[in-house]
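Here chain A shows up in two complexes: once beside chain B, once beside chain C.
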Partner chain A sequence: MSSIFRGKFATAIKIAILAITTAILSLLAQSAFASGESAIGAFLVFAIVALNFTYFTKFSIPLKFFVPGILFFIAFVIAPIVFTVIMSVFNYQTGNYISKPASIEQVLILGVESDANQTTFDLVAGKDSNGDYAVLVSDIANQRFFISTQDKITDVDASKLIINEYGVATTAPGFTAISDNELAANDAYSKIRYKYQDGYYVKIEGQGVGAVFRQKIAYDAKTDTMKNIITGETYINNGKGNFALEGSPETVLTPGWRAPIWFENYTKLVTDTRFRTPLIKVFIWTVVFSALTVLSTFSFGLLLALALNRKMRGRRIYRSILILPYAMPSIMSILIWGGMFDSEFGAINNILHTHIAWFSSATFARAAVLLVNLWLGFPYFYLICSGSLQAIPSELLEAAAIDGANPRQIFRRITLPLLLQILSPLLIASFAYNFNNFNLIYLLTGGGPRNSLDGEVAGATDILISYTYQIAFGRGMNDFGLASAISVIIFLLVASISFYGLKKSKVMETFG
Partner chain B sequence: MSKWLRENLWRHAFATFMCIFSLFPLYLVVLSSFKSSGSLQLDSFVPKELSWDNYKMLFSSPKIPFLSWVKNSLIISSVVAISSVVVGAASAFAFSRLKFKGKKFGIQLLLLVQMFPAVLALSAVYVIMERVYSFAPSIGLGSQAGLILVYLGGSMGVNIWLLKGFVDSIPAELDEAAKIDGASPVQTYWLIFIPLATPVLAVVCLLSFIGTFNEFIVARLFLVEMQGRTVAVGLQQFIGGQYASNWGAFAAGSILASIPIVIIFLSLQKYIVNGLTAGSVKG
Partner chain C sequence: MKNRLLKGLALAATVSFAASLTIVPAQAANEILVWADETRGPNLTKVFAKKGDWVPGSTIKVVSFSSYDALKAALDNASGTTGPDIFVAGNDWVPALAKSGKLAPVVLTAAQKAQFTPSQFFDLSYGGNLYGVPVDVNNVGMVFNTKLVKTAPKTYGEMVNYYLANKTKKGLKAGLCVAGGGMSWGALSGFSALGAEPYMMNSDGTVNYNKSFDPTVFAKNVSTLLLDKKGKSNGFWPATDTGCQDNFLAGKVPFAIIGNWHWRTFAEAGFEMNIMPVPGVKAGTYGKMFGSVSGAFLTSYAETHGVSVSAKSLLTSFFASTKGQVAYQAEEGRPPAEKGAQKSQLVLGGQKAMGAAASLSSIPQIGAFLNTNKGGASYWDSAPAYWTAVLVDGKNPLVEAKKLAAIWKANVAAGKADL
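What follows is the complex of A and B.
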């Protein structure tokens, strides 16, 4: 049997798998470098080297077990975390999303103006006698016809042209027109600036139509400024990802680029009331929500475990029903509850004979969130508590009973303190989990109600993580930089909560 | 009042109340799935009609590619579950059984990182996969392969940690004996460890399957095309999206999609509860 894992056959398989993996990764690395994603390319090269080195040398045996796992771990866990930290010191949002070279290119493309009359021409796209991209322009108002390329303009006499019933020239000697389909398929035609007069040029604006523009903005690489050639205004690099008009920092050229702004995303959260107030509000609700959830799910779970903590009729049936909310895919359950709370057609209002718009009022929405989370969470603590109750030595309880303690005293003085001690790491873990219970909030209330007319991003039931999601992916402004800064803060919070929990459970001491 | 009543009445009363609470939404969904009106309204507790329209709609309406959603979910979840266990088990074995430099640091890093909720790094994952898309669209943003990669990579921390816990619980004497007999670590892994750990690996595999099946937010961000969605994303869109709250079809769909998960879950109950408490309720 061991021959499968040694010998020529095994070696052949090993080489084959490694060769295929290396080939695929090399191809990917090549195209990554080709499209300028050098960080991803570098990682792929690292992966290739690591894989081949590990499996072709006897450098380290443990490494042979790790390498695939570690590579995935670095690519999809470590890299995003590091990248989150990096993004958090950048101005990285709608309008500042692209790289600086791309931004300069865009600003120059957009930095044009049409002539005073906003002249448009009928034209035909094609190639001139030299095979260069060209347009045959019909200036019908002035009865002037010309062929224009990127760098020269040639007037053509009307008598040499074929002119259709609208007065538009369709063919000229030496000019090869292309069809509309060809034009649509090749965007090179519409990118070219075809020469016109007085510094203006003609640009294809659609099938058979062109308009007259001139460049207004120019980039000066030496001083890293943008200049308006016509008015002489200067736009200076403001260090935050935009060129801003000299003397008027609010007037910026768009789009900007993602630029490092160091701790501004963080300081903004502390000093700017527009960000600080909602953040504090959301933070308080996050803590209240997590704490109340742990309290309610634990109490109900414990009470149930106590109620069913003895041989009695129907215990198995109770148990299998009570576990159902936990067994259901939570996404489905949350959506179902969302439907039940519907103000018009929901079952809750049906039963209560009320007409409460649950998700329009902050108080009702919060109550609904807590109720649903109780439903989702109590079976977990029921299961845990039933298990832990069995683990409490019965001698302790018997001894207390002999000493004359009544059941209530036994529970309060012995059972509960012992349980809390055993379960405190799980209670803390549950707190940390609910601290980031994104699915519940997002699928039940969407974080609402929120007054989006006032531009409010934080809703009444938003917890930190759903708030972060709103900032990064919500409608309107998407601010990855700010969202990442909040993510980093949440991570520090959760890590310290969990660390505290782990210290208590003494998991840390069993290392190594 | 008899002694029996005094001691047991509150127990039955409370348990019954909680059972009703637990069952109510589930009963309502079953009820709604057989109603043709398409709302989650409670007209009466007793079913008034038994219409299969909602179920038929799922399988026949061209607007609702329910079968391809299920297929996508099954493929994505299975690939992720199996690959993550194959890759994770080897790492967990090394962490649990082999001695090497930096092991302690590795475990601490793993522990720290597996606490970092994946949603927190969502914008980073999004931006990275957007860039991957720019040179390899088939594994970038919007592709199922890309989604699988993100799940697989993202599950590494938790899975290695979970598997390590299980591996630790397998007695070390056997593989120590094999070592004394001259087996290499690779042989010990394949010939001793894997056969011993197969049931545990199967459990982790199924847990990972459930977790992936249940994942919503990354899938929502990744899978834009109607045909390519997972069940979770598809059904959510269905009541929040362009179909103006079709609760009947949603109810039918979520029942069908939930049944296998509930069955897997109930059969693994023992392991799940043990796994959740491992490390805290010792002895």
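What follows is the complex of A and C.
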């Protein structure tokens, strides 16, 4: 057996696997650098070096086992956390996605205006007698024809032109036209601003078509300001990722850029009532939801485990049935429950002969969420409680019984404390998991109901993570910076609660 | 060891180099990259497979996404190297994408503009710039089951009376429900027929900023037509769209609002129905629907890819042309936006009927007013919230209507700056 891991064959396999891995990572690195994602590219290069160094040397044998895990841990745990923390101090929202240079470029592209008549011309692209890029323009309405380059405009008499059946000049003396195929192949023609009159220029807007524009916005790199050349208005860098009109900070040029605003996203959560009020409400419900879920699933699971801990006919069948909800994909279960709770056609209302609008009332929606989560969660606690009950020494229970304790006392004084000691880490983990139980909320209620008419931003069943999702990816406008700040707070909360719980349960001491 | 290390690295480097040679460039030269969703994409692919020379010197590549949401996510994450030159989608993405610098302005000639109605350009514009060309009309229409209702209703009250008279006898689940477009976009007709609109339009296609809907009139109509004597829902107009299509097809709902992308499904199922706008409270008036358009949009990446001229040419020669829209809609089945294509003999009856319903009573879908939540909530969130508050929670229709009117008025005032 050990020969598989040694010898020439094993070395060949190792080299082949590493070569393929290196090739794949090289491709990804190349693609990352080409896309401008230099941090990802650098990490991939680091991964290539780390993998080859680890497996082609005897530097560290344990590292050969750990290095893939470490690389995945960095890529999928450390990097997202670091990225989220960094983004939380940025103005990163709809309108502020791109870099500052890209933003300036876009503002200048958009900072043009058509003339009053929104004039367009038929034109032919080509080169003039000097070999400069030029367009032969046909102003059919005014029967004017001219050849225009970046620097000059030359009128041409109609009699010297060949004009097609649509009145468009196709050739002129000293002008060499290019075909549409050539124009498609050479984008340089479309980048030039061909001279026109009164400060306006002609730009190619498609094969055979040009439009008249003039530049309205100009950038001054020295003062880092944008200026409206026509009106004289100045837009200053507001330090938050936009050029804002002097004296009217609400008026900004778009697109803006992703700019650091340090702790503004965090202070907004505390000082801005639009965010603070729903956040407090959502936080309270998140804690209640997580706590009730843990309590209900644990209690029900324990109850069933106790019931099936005794010998009874058909125990195996009951045990198998009880595990079924756990075996079924939770997404399917949630969607089925969603249908069952439907107020018009749902099975629950039909069976109960009621007309409860489960997802329109805050109380019923919360009850539905807890009920569905109980269904999804109890098999897990049933399983671990069953296992833990087996682990409690029967001598303890027998000794208590001999001492005269009744079953209730035995359970309360011996079984439950021992179970809690064993299961504390899992209860804490379950609380932390449900703190971020996005799937359930998103698929069952979408966070609702929320009374938008009264300005409610957060829904009655929104937990912190679904509320964050709504801010980050909600309809229309996204605010990734603010969502990142809330994510960081959730991370700190869950980490603190878990750490405190684990410390209280002394599990860490056991591990230590 | 050193020798082995060097050999291994040499081999790995060789394989890597060989593999990297196989990299296909993201976009071939003179190739126009078009992104679309799971229905539009395959249909565009079919059309371009039949005729691909819409722009001389350029080829067209269509990338289809698994869903509309997947397309949106891809656009949100697109960069200069990965993004498309053109994408086809509804107009409601325009404000966010334009604000983020992902769209590039488009200039049309006077002749090209004349082939569309001015209001269609509202939907595709932001901050004074036009970012795409109208491709097809997105609207709803009210269909009625001709086995239940023999003649077209003239007023909203007629429909309510029919429902109340036959509710028990025919086991009707509702009178009028929304089977297409949801309780905000699709349900506008339901609001509008009773007197509520998110913004008021002048007859010349401009917005009337001096006027907003009267909550008192609207609430009175809601009370009279949708509530019983105890102030509870009479069941005519459900607060949700769940099960509407199934119930309509099962003959349990006589009237339904369907999207124009649905009509073919209904027709092919052999269902007998007529298409019309939702009738208003008074005879001869109709509830307005969003006569919005889907567009083909030019991205700022086209410039980066060096195909901006070709991409602009594809917009005008195919997406905005009579020939292009007829060819495309023969596959897609929506009413074309371009006037020439609308008149074409090749456009099917259902498409024309839907188009006719839209032309009878529609308003442009102005994202700047509808998407903003400056008034406290966007149109999309506040509209369904009204029905829940009144029809489910039993709240006072006038009190809630006043809240709704205040939100919509504030949203219009806030969105005005973006037009």
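Going forward, the second predicted complex is superposed on the first by the 387 of 512 C-alpha atoms of A that agree within 3 Å, B and C clash if a C-alpha of one lies under 4 Å from a C-alpha of the other, contacts with A are read in each partner's own complex, and residues count from 1 in each chain.
To be clear about the criterion, a contact is a pair of C-beta atoms (placed from the backbone, for glycine too) under 8 Å apart; a residue touches a chain by one contact, two chains touch by 3 or more.
Remember, predicted model here, so these are calculated numbers, not experimental data.
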| task | Could you tell me if A:Thr468 is touching chain B, chain C, both of them or neither one (first, second, both, neither)? | result | first
| Between chain B (first) and chain C (second), which does A:Ser484 come into contact with in this model arrangement: first, second, both, or neither? | first
| remark: Comparing chain B and chain C in the superposed model, the one touching more of chain A is B
| said: Tell me the contact category for A:Ile70 with respect to chain B and chain C: first, second, both or neither. | reply: first
| said: By the touch definition at the top of the document, which applies to A:Thr57: first (chain B), second (chain C), both, or neither? | reply: second
| What is the contact status of A:Leu444 with respect to chain B (first) and chain C (second): first, second, both, or neither? | neither
| request: Could you say whether A:Ala400 touches chain B, chain C, both of them, or neither, answering first, second, both or neither? | output: neither
| For A:Pro80, is the partner it touches chain B (first), chain C (second), both, or none of the two (neither)? | first
| So, A:Ala34: does it touch chain B (first), chain C (second), both, or neither? | both
| query | Of the two partner chains, chain B (first) and chain C (second), which one does A:Met328 touch, if any: first, second, both, or neither? | reply | first
| query | Between chain B and chain C, which residues of chain A are contacted by each of them? | reply | 31, 34-35, 342, 345
| request: Sort out for me which residues of chain A touch chain C in the complex. | output: 11, 14-15, 18-20, 22-24, 26-27, 30-31, 34-36, 52, 55-58, 94-98, 102-103, 106, 109-110, 114, 118, 120, 179-185, 187, 189-190, 204-207, 209, 211, 251, 254-255, 342-345, 357, 360-361, 449-455, 475-478
| Where on chain A does chain B make contact in their complex? | 1-2, 5, 28, 31-32, 34-35, 37, 40, 60-66, 68-70, 72-73, 75-81, 83-84, 87, 300, 303-304, 307-308, 310, 312, 314, 318, 320-333, 335-340, 342, 345-347, 350-351, 375, 378-380, 383-384, 387-388, 391, 422-423, 425-426, 432, 436, 438-439, 442-443, 465, 468-469, 472-473, 480, 483-484, 487, 490-491, 494-495, 498, 502, 505, 507, 511-512
| Considering the complex alone, what residue numbers of chain C touch chain A? | 1, 4-5, 7-9, 11-16, 18-20, 23, 29-30, 55-58, 76, 79-82, 92, 95-96, 98-101, 104-110, 127, 129, 173, 238-240, 242-243, 300, 303, 306-310, 312-313, 315-317, 367, 371-373, 376-378, 380-382, 385-386, 388-389, 392-393, 400, 403-404, 407, 417
| In the complex, chain B residues that touch chain A | 8, 10-12, 14-15, 18-19, 21-23, 25-26, 28-29, 39-42, 87-88, 90-91, 93-94, 98-100, 103-104, 107-108, 111-113, 115-117, 119-128, 131-132, 134-136, 139, 149-150, 152-154, 156-157, 160, 184-187, 189-191, 210, 213-214, 216-217, 221, 232, 235-236, 239, 245, 247, 250-251, 254, 257-258, 261-262, 265-266, 269, 273, 276-277, 279-281
